[in-house]
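Below, subunit A partners subunit B and then partners subunit C, in two separate complexes.
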Partner chain A sequence: MDTTDRKDSVAKIKEAHRLLKRYEYTPQKIQRGYTNKTLYINISDNTIKSKDVPEEIKDKFTGGKGLGLWYLWNSVTKDTKWDDPENEIIISPGPVGGITQYPGAGKSLVVSLSPTTGSVMDSNVGGHFGPLMKFSGWDALEIQGKAKEDIIIYIDGNKGIVEIYEVPIGPVNSHILAEEVTEFFAESEEEKRNISVISAGEAAEHTLFGVLNFSFYDRRKKVQRLKQAGRGGIGTVFRNKKIKAIAVKYNGVKGDSNNPADIDTIRKLGLKLHKEIKEHDKDQCRMREIGTAHLVEIMDDYDLLPVHNFKYGSHEEAYKIDSKVLAKKVVQGSPDGCWHGCSMSCAKAVQDYELKTGPYKGHKVVVDGPEYETVAGVGSNCGIFDPDYIIECNFYCDTYGIDTISFGTTMAFLMECYENNILNKEITGGIELNFGNKDAAMEVLHQMAKGTGFGKIAGLGVRRIKNLLIEKYGADPKFLNDIGMEVKGLEYSQYVSKESLAQQGGYALANKGPQHDEAWLIFMDMVNNQIPTFEDKAEALHYFPIFRTWFGLNGLCKLPWNDIEPPDNHLTDEPAKVPEHVENYVQLFNSVTGKNIDKEEMILQSERVYNFQRVFNLKMGFGTREHDIPPYRSMGPVTEEEYLSRQERYDKQLKELVGVNPEKMSTAEKIEALREYKYKQYDKLVDAVYKRRGWNKNGIPTVELMKKLGMDFPEVIKLIEEHSSE
Partner chain B sequence: MIRVNQRDMDFREGMTVKNLLEDLKYSFPNLIVRINGEYIPRESYEKTVIKDNDDISIIHPIAGG
Partner chain C sequence: MKFLQKDETLCIQCHACESTCAQAFFKSDDRTKSSIKIFDDPGERNEIINVCNQCGECISICPELAIYRAKNGVVMIDKKKCVGCLMCVGFCPTLSMRIHKDFLEPFKCIACGQCAKQCPTKAIEIKHID
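Then we have the complex of A and B:
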């Protein structure tokens, strides 16, 4: 869409929009990272009010995801469903979020009940919304209710105004909507950079794995770039509530906008890390050059890159989509950060990409990414090794508001079903969904956006498709449960975990479902062999998920923690923890809040929230051992071709680990023997992890633990007691 | 026979750290290599020759996500 068209479209929206509610407030001055106020909006009756954030709640939940979980807990009952008006979407950046001196400090955390899991979901996202919202006076935004017609919510942080508009016309898809909403609220060209927009897209309405796009204005390219809160379908909740967009405008971001207690220390810490990144990134992860896509070839080398629905971990054509190829496609020479001051600058964009399919065919667009997860998910996992397809698919997933990870894992599953005649052309409406068929995958994606044809089924996600195929088409439940890569209803992210027991746990035990942001232990376990015993693995599965939770409490990005390392990191006792950077975070927190925590208290802050989230799962009818079991595809070979592809490895495992002689066994028998062994190992791992975490054998945190953590709210204790006596 | 991350591996006369990493396809950029406890900096991978019975650790210092 060119500028004139956009201006015309915005003019029409201006004519058609209707102000439903205006609320005026005096923006709170930020005190040491907190505004101490939350903006509550109920879009059923257009209530808008300011809520205090009490000290006690900050002490227990810190901020970000913690605050989100607390608000959601108080809004829903065990019977609340994701599409009930009581469900909320809560957005909060956390106290450190918004500083500009230390890399990776502009993240927002989004919390809601998920359409795919039915339980509580959290998602972490870049873009400018969280910090601008905080500088506008709000630690969190809590949205409840359901609008009757499409609405846009607007926060003007300088004027102290919150408005709800009914906007019955205009686009829904993010790449246009984010621009138009920006145009709508910007009083000048210059002001656009002070605006951030949250939006979803058409497919978020018709699938269960919708994303939220959070924008940041790219002054060089003069476009709103999009970052995604991807996991668990919060974009679907957003559109179900009939929210078209939420926009914030705040003019005046400065280095001290977060009003920290000790800005000099923050500056010092930041300078040190900037220097480290400048000197070493080019020899380490090349984040500035290509971002997370550098992982494609690494994962392929270690047999960890998912291929054909996680059957294999490498492919001879992987070189066609590796970072060397992608680096030529993205705009060079302008490392981008998704928040001010992030010198890690892993955000990448393909400019002037001419779309080949769909409603915007022929348009030249800017495409953010592609990130590793997207390349692996929509590419290798579906057997598609075409960089242009990956870029196009990335674009449409974003603008339609679909999670590329869930799309990739679901599509790969569907392709395997098709190749096994569980799906056929009758069910797919004539689409030949073989591995590698990029046109077919693209067609399904466009159908998802319109909610038509086979797209309606594909948009349900792996768990519901499995059930449908079993109930309606008589598919074999064992096979589908083996190859359907989901736990708790969330699709797997893109790493093959077959050879790492710790990672099988890292995925299947994760609170929200199998996303690697809790624990990525494959190298520590499978390659380094550093955590050989169950106790070692349990310790790692205690420490890392808890530690990682902390980023989400504070509005921080994980990447500058360990995708860059000090040159002398190898001399430390525990290089995998990157101790110097952990110490930076302790100091950063203290310098913002004026508090005086140490490494231990940092872990305690996370442990409180982590265990609370586990109990939240329990409240929603999950959160016990039966919900922590992985599909066998994530543990070992399901099919004969899969076994035979790595026969030497698996035969060796049978001999050395299982203690049987594979020479006298058929492949089917070998698969069965390995499977029995692996599930037994997994069971032992779960016992060890639960014990280390202070949970009972059914995976429920004990009353003593919750008391020790100070999270013994009456409802929490009652729930635990009820379930423990069952 | 050599030991790599506490697992046995065949020894090849004249093999350097660089050769070993290539054999294993260990392409991760930040490795911490030690032979019998002694740290080997990256610039020495090519010239450091591995001896029979060496105990080698190759740590990929990344965990957590």
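Then we have the complex of A and C:
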């Protein structure tokens, strides 16, 4: 869309929009990372009010995801469904979020009940919204209710105004909507940099795995770039509430906008990391050059890159989509951070990409990414090794508001079903969903946006599709449950965990479902053999998920923790923890808040929220052992061809680990023997992890633990007691 | 392009340039507020005079477009646009972008030449190259 068209479209929106509610407030001055106020909006009756954030709640939940979980807990009952008006979307950056000196400090944490899991979901997203919202006076934005017609919510942080507009016309898809909303609220070209927009897209309306796109205005390319709160379908909740966009405008970001207690220390820490990244990134992860996509060839080399629905871990054509190829597609020469001061700059963009399909065919667009997860998900996992397809699919997933991870894992599952005649052309409406058929995958994606044809089924996600195929088409439940890569209703992210027991736990035990942000232990476990015993693995599955939770409490990104390491990190006692960077975070927190935590208290802050989230799952009818069981595809070979593809490895495991002689066994017998062994190992792991975490054998945190953590809210204790006596 | 050229063999480490710069820029007697830095000990970098050579690397580092090359070729910081992220400081190839605890934004040599006028040995001089 060119500038003239956009101005015409915005003019029409201006004519058609209607102010439903205006709320005026005096923006609170930030005190040491907190405004101590939450903006509550009920869009059913357009109530807008300011709520205090009590000290006790900050002490228990810190901020970010913690605050989101607390508000949601108080808003929903055990019977609340994702599409009930009571369900909320809460956005909060946390106290450290918004500092401009330390890389990765502009994240927003989004919390809601998920359409795919039915339980509580959290998602960590870049873009400028969270910090600008905080500078506008709000630690969190809490949205409840459902609008009658499409609305846009607008926060002007300089004037102290919140407005709700009914906007019945205009585009929904993010790459256009984010630009138009920016145009709508910017009083000048120069002001566009002060605006961030949250939006979803048409497919978020018709599928269960919709994303939220959080924008940041790219000063060089003069476009709103999009970062995704991707997991668990919060974009679907957003569109179900008939929210078209939420925009914030704040003019005046400076180095001390977060008003920290000790800015000098923050500057020193930031500068130290900038220099570390400058010196070592090019030899470590190459985040500035190509971002997370540097992982493609590494994962392929270690047999960890998902291929054909996680059946294999490498492919002879993987070189066609590796980082060397992608580096030629993305624009470089300028740093792309998703918040000020992020010298890690992993955000990438393909500029002037001419679309080949869909409603925008022929348009030249800026495409964010592709990230590793997208390359592996929509690419290798579906047997598609075409970089242009990956870019096109990335673009449409983003603008339609779809999670590339869930799309990739779901599509890979559907393709395997198709190849096994569980799906056929009659069910797909004529679409030949073989592995590698990029045109078919793209067609399903466009159907998802329109809510038509097979796209309606595909958009349900793996768990619901499994049930549908079993109930309606008589598919074999065992096979589908083995190959359907989901736990708790969330689709797996893109790593093959077959040879790492710790990672099988890292995925299946994760609070929200199998996302790698809780634990990524494959190298520690499988490659370096640093955690050989069950107790070692349990310790890792205690420490790392808890530690990583801390980023989400504070508005931080995980990447600058261990995707850059000090050159002498390998000489430290615990290199996997990156001790120097942990110390940086302790000091950052203290420098912002004026508190005096140490690394033990840091873990306690996380442990409080982590266990609260586990109990939240319990409240919603989940959160017990039966919901922590992985599909066998994530543990070992399901099919004969899969076994035979790595026969030497699996035969060796049978001999050395299981203690049977594979020579006299059929492949089917070998698969069964290995399977039995692996599930027994997994059970032992779960016992060890629950014990280490202070949970009972059914995976429920004990009353003693919650008391020790100070999270013994009456409703929490009642829930635990009810379930423990069952 | 206008820049401050140095000849370290002539420097007698009198620090007059630092005092002049801090005074000219910030009306301050505090030499740590100078854009030019004189080392009594050359250290690992084997350097006595450190000052911006106007290479412009920082222009591409700054996502805010707050750093630009002026018509006379000097690299300047637009303090209004600067958000104080310090990436330009960390990524400066010659470590010549300065910070001071009294200021949120970095600062740098703008080749004004005041220091050169005070240099008793002509160890620093303003030069123009195309």
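Convention: the second predicted complex is superposed on the first by the 726 of 726 C-alpha atoms of A that agree within 3 Å, B and C clash if a C-alpha of one lies under 4 Å from a C-alpha of the other, contacts with A are read in each partner's own complex, and residues count from 1 in each chain.
The definition used in the following text is that a contact is a pair of C-beta atoms (placed from the backbone, for glycine too) under 8 Å apart; a residue touches a chain by one contact, two chains touch by 3 or more.
None of these values were measured; they are calculated from a predicted model.
S.K.: What does the overlay on subunit A give for subunit B and subunit C, a clash or a fit?
M.R.: Aligned through their shared chain, the two binders fit side by side on subunit A.
S.K.: Just to be sure I read the superposition right, which of the two partners does A:L521 touch: subunit B = first, subunit C = second, or both, or neither?
M.R.: In the superposition, A:L521 contacts subunit B only.
S.K.: Could you say whether A:Q284 touches subunit B, subunit C, both of them, or neither, answering first, second, both or neither?
M.R.: Only subunit B; A:Q284 stays clear of subunit C.
S.K.: Of the partners subunit B and subunit C, which touch A:R267 in the superposed model: first, second, both, neither?
M.R.: Second partner only.
S.K.: According to the stated criteria, A:Q530 is in contact with first (subunit B), second (subunit C), both, or neither; which is it?
M.R.: first
S.K.: Report for A:K558: first if it touches subunit B alone, second if subunit C alone, otherwise both or neither.
M.R.: first
S.K.: Have a look at where A:F547 lands relative to subunit B and subunit C in the superposition and call it first, second, both or neither.
M.R.: first
S.K.: Output check: A:H570 vs subunit B and subunit C. Expected answer is one of first, second, both, neither. What do you get?
M.R.: Once the two structures are laid over each other on A, A:H570 reaches subunit B alone.
S.K.: Applying the document's definition of touching, compare subunit B and subunit C: which contacts more of subunit A?
M.R.: Partner touching more subunit A residues in the overlay: B.
S.K.: Rounded to a multiple of 10, tell me what angle the C-alpha centres of subunit B and subunit C make at the one for subunit A, in degrees.
M.R.: 70
S.K.: Is A:C346 in contact with subunit B, with subunit C, with both, or with neither (first, second, both, neither)?
M.R.: A:C346: touches no partner chain.
S.K.: For the combined overlay, can you note the least CA distance between subunit B and subunit C, rounded to whole Å?
M.R.: Distance of closest C-alpha approach: 21 Å.
S.K.: Where on subunit A do the contacts with subunit B and the contacts with subunit C coincide?
M.R.: none
S.K.: Write out the stretch or stretches of subunit A touching subunit B in their complex.
M.R.: Those in contact with subunit B are residues 283-286, 297-298, 301-302, 516-521, 523-524, 527-530, 532, 540, 544, 547-548, 558, 561-562, 565, 569-571, 575-578.
S.K.: Subunit A touches which residues of subunit B in the complex?
M.R.: 5-7, 25-30, 32, 39, 57-65
S.K.: Taking the touch rule as given, give the residues of subunit A at its contact with subunit C in the complex, in rising order.
M.R.: Residues of subunit A touching subunit C: 100-101, 193, 219-220, 253-256, 263-264, 267, 270-271, 273-275, 277-278, 333-337, 340-341, 343.
S.K.: Give the list of subunit C residues in touch with subunit A in this complex.
M.R.: For this pair, the touching residues of subunit C are 60-61, 63-65, 83-87, 89-91, 99, 101, 104-105.
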